[in-house]
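By letter and in written order, the chains are A, B, C, D and E; residue numbering begins at 1 in each of them.
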């Protein structure tokens, strides 16, 4: 069969899904919260990549809005994650 | 290159089946999990499964029909509203319980 | 202009206004109660084919609002109950002492409940019903949380599960029929697997919301712990929407599919609920728990009526009995919870044994409780009697002696537990009681209980009202012509 | 090829859902739930339902995720780590059997329905009358605007319900400070918030604007706004307002009230929510812009939670 | 296959390689700091190259602009979150000799 470039993009989407899966393995294994957050972030970037690639494969610019929103909210979620791991030892003010 | 499976199972049905399994998974978790926050998570998974069934069985000629899409969006918004209220209730309940507990309990908590 | 839209829009306006007004929002009920009662009366007097496509968008896409007999009666009763409870709450604070947040949020939540209930009674659209179901559940859980957070959280989780079961059923219906309108489904429905599954799921979800035995577990703790005005709204209104949707599903959308066996299951559960709820009510030693378990029993009658309606040659009587039972329970139970709230405030404690001396201290409130009890027991003359009499006639006509027996036994059991509570009020008090009475405080439960009794005199008119556009009365309604 | 993608995606969705539901650690559960939500978003993209994909990624994964993270953090501070606890074996086996049977029935029902819907045929001819291109927006704000109107009040009601939980002595008051407790982190998040808030605002406005003709709309845009507000609050760029501020109340009510007012004005033209000839697009745009603003504020406050007593407000401003 | 297509494919392949490296690093590296290192580099480069490929393939200016925005956001977000995560890691592993670590007793 003839490979069109769009097919390559679909193949890339599959590949990206697999990297997301790999990242999720780290998220599952932990051990600490930071690892889990990192892995969640990489999974998020992977998903954004898939959205971009699918958008290109189907030629639909609206997919990129999904990628854009995903980036924005992934960053917010990671910030919230870090906030959520606050501990009593944190400094509540600058020492300067 | 297409897998032979795709001849017997359309993409719409594949996603709908995934939705059905999600509903079952979420239901099982809802029954077996004790912590209300985990139950809330389970409910959200069930909701996602239902939306997936709704959307994937409502396929039009080239895209999902606008009618099921609109229903799903409404459903997602209602779900987040209820989840927020549920999470707030769960936290308030924990706060009330913590306030009711005598301070001596703190030591036992730190040790565990 | 039509009351069909205003009945939803006015409470929504009130909710928005209540949020803007903040603490001053309490007074809004003085305006809303008469206005809504007037609109509900207007609705009751509309011509029989009153229906209305929102935004003039036609089916299967649009949403049809329709004033059938059930909707008219339920909306009228809702207006009376919320109006009276609201006026009562003006003088009798609905919040826990010191909880300023509850005092302020009570009002917008009441208006949300009002809008949701009215919208749900009027619409024939299954997805729209989902949204109204969530409006009512949200307000109901929040009101229940003003009493006991733990009970409310349990209620919330169960109600959420019920909503999702219903929504899953709706999803299957959308996929199968490309429409969610009850009047269209009545013509399209076929007894295939997907439809049966959908009906089963929706029914299960709604039974949870309607608290039919054995899905009633969440109700007694939530309704018993809430502040009295909130309890009144929960028991009178929140559980009724699930019931009305079930009526729409079983008798209008899918009558061809619901087999007699399934109807007997619902009827059997209803009968079990009557007996179980009554026995549990007898075993309670706290007054509000008794009243809450009485709701479990009274909901049972509504479903006991299902096989009677379906089995009758002329279902008019059974249908009216079922509908009037819902209305009579709304009025009587709201009155009873309000009266119980006042009585417990004056009593020495929460238990029934603590009620001693109240008959002397606050005779009018105890009278309200007693009148409500008369209707709940089904003694003549009262709305409860009319309803149960109609159901009993239908049961005997069909030879359903088991149901007839449960109807009679349920009344007797109700008499036992309610007279027990009343008798306690007449017992001598150990210490003199300071009455909690005056003005609207006592007038609200008394008026509601009085209405529950007066209903018994309006029998024929109410039976006719309930039959308007009823699904068994011939072809479904004629849709209004779309505007050019 | 596309089918292989679909299949892998579905398997991953089931995997992430399973782990989110059953992993012991609550933080991992929430992380997997967010990943699950994002993958669901991809599913919607795969189904060419971009409007839903936007909503799912923004609301299902984003806001719900942040909500759960903050709830878990508050529980953890109270000594509740929200881990899975063991349930009796008989319950698990019984539930397993029941759920498995249920899934089989549900799957059979689902497979008995052909995945084709004919409603687009009904929607498409009505669109020219509205003057907008996005059919989903058409359904949400015209054909089934009644649903959406009620839904906007559900969202508002949820906030009222959350507020009703405020403990004694906390009303009127501000929600617990969602700001970073660690000062250097607060600075980093603050810079981020200062950057993100205007970006979110622009992007949200774009989504509403695009929503008439392209995928987007008030709910997606409102969520983006809420996200921006939350990051700004976490970085201390903005403070969360007290629940009794008149301006806040006005912002919350604005969208639903304008929607309702336009709906009622329709009575003059024939009935509730009837848009007069030729004015549909203008009215829809007005509704969407006001609704998006209210949704953004409502969602942000929903995530922040009920007001707390002032004493427990760990506000470092007093020092300085 | 045209020259543009070849460029697209090469960019795509390179991007995927970085993604893979990031995931592998996250999986295989022994400690938190090096995992973070793997994450941010691969994250930005991987997405950047894939996005570039998509932009060239898409051909339209609007699409390219949006893709650029996606990438810009991702980089800013990754920069911020990696700082936050690094800080979190430091706080979790207190080093007694670190000059800038907080005097814990005083801070509370």
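A few remarks follow.
Just so it is clear, a residue touches a chain if its C-beta (ideal position, glycine included) is under 8 Å from a C-beta of that chain, and two chains touch if they have at least 3 such contacts.
Remember, it's a predicted structure, so these values are computed and weren't measured experimentally.
Both subunit A and subunit B are touched by D.
Chain pair with the most C-beta contact pairs: B-D.
With centres computed as the average of Cα coordinates, no chain lies farther from subunit D than C.
Computed centre separation for the pair subunit A/subunit E is 10 angstrom, with centres defined by C-alpha atoms. Separating the centre of subunit A from that of subunit D, both taken as means of CA atoms, is a distance of 19 Å. Averaged C-alpha coordinates put the centre of subunit B at 13 Å from the centre of subunit D.
Taking each chain's centre as the mean of its C-alpha atoms, subunit B lies 30 Å from subunit C.
Looking at subunit B, one finds that residues 1, 23, 40, 51, 53, 57-58, 67-68, 74, 78, 81-82, 85, 89-90, 92 touch two or more other chains. In subunit D, 1-2, 4, 46, 63, 70, 72, 106, 110, 113, 115, 117-119, 122-123, 139, 144, 147, 151, 154, 157-158, 161, 165, 167, 182, 184-185, 189, 192, 199, 306 are the positions where the chain touches two or more neighbouring chains simultaneously. Subunit C has residues 61, 127, 131, 134, 138, 141-142, 145, 149, 168, 172, 175, 178 in contact with two or more other chains.
Every pair of chains that touch is listed here: A-D, A-E, B-C, B-D, C-D, D-E.
Within the complex, the subunit C residues that touch subunit B are 61, 127, 130-131, 134, 138, 141-142, 145, 149-150, 152-153, 156-157, 160-161, 163-164, 167-168, 171-172, 174-175, 178. Partner subunit B is touched in their complex by these residues of subunit D: 1-4, 6-7, 10, 13-14, 17-18, 20-22, 26, 29-30, 33, 36-37, 40, 43-44, 46-49, 51-52, 55-56, 59-60, 63-64, 67-68, 70-72, 74-75, 78-80, 82-85, 87, 91-92, 95-96, 98-100, 102-103, 106-107, 110-111, 113, 115-120, 122-123, 135-136, 138-140, 144, 147-148, 151, 154-155, 157-158, 161-162, 165, 167, 217, 219, 299, 302-303, 305-306. Across the interface of their complex, subunit C is touched by residues 105-106, 108-110, 112-113, 115, 117-119, 122-123, 126, 139, 142-147, 149-151, 153-154, 156-158, 160-161, 163-172, 243-244, 246, 249-250, 252-253, 256-257, 260, 263-264, 266-267, 270-275, 306-307 of subunit D. Note for the complex: subunit D touches subunit A at residues 1-2, 4-5, 8-9, 12, 15-16, 19, 23, 25, 27-28, 31-32, 34-35, 38-39, 41-42, 45-46, 50, 53-54, 57-58, 61-63, 65-66, 69-70, 72-73, 76, 178-185, 187, 189, 192, 196, 199-200, 203, 207, 210, 214-216, 220, 223-224, 227-228, 230-231, 234-235, 314, 316, 319.
Residues of subunit B touching subunit C in their complex: 23, 30, 36, 39-40, 43, 46-47, 50-51, 53-54, 57-58, 67-68, 71, 74-75, 78, 81-82, 85-86, 89-90, 92-93, 96.
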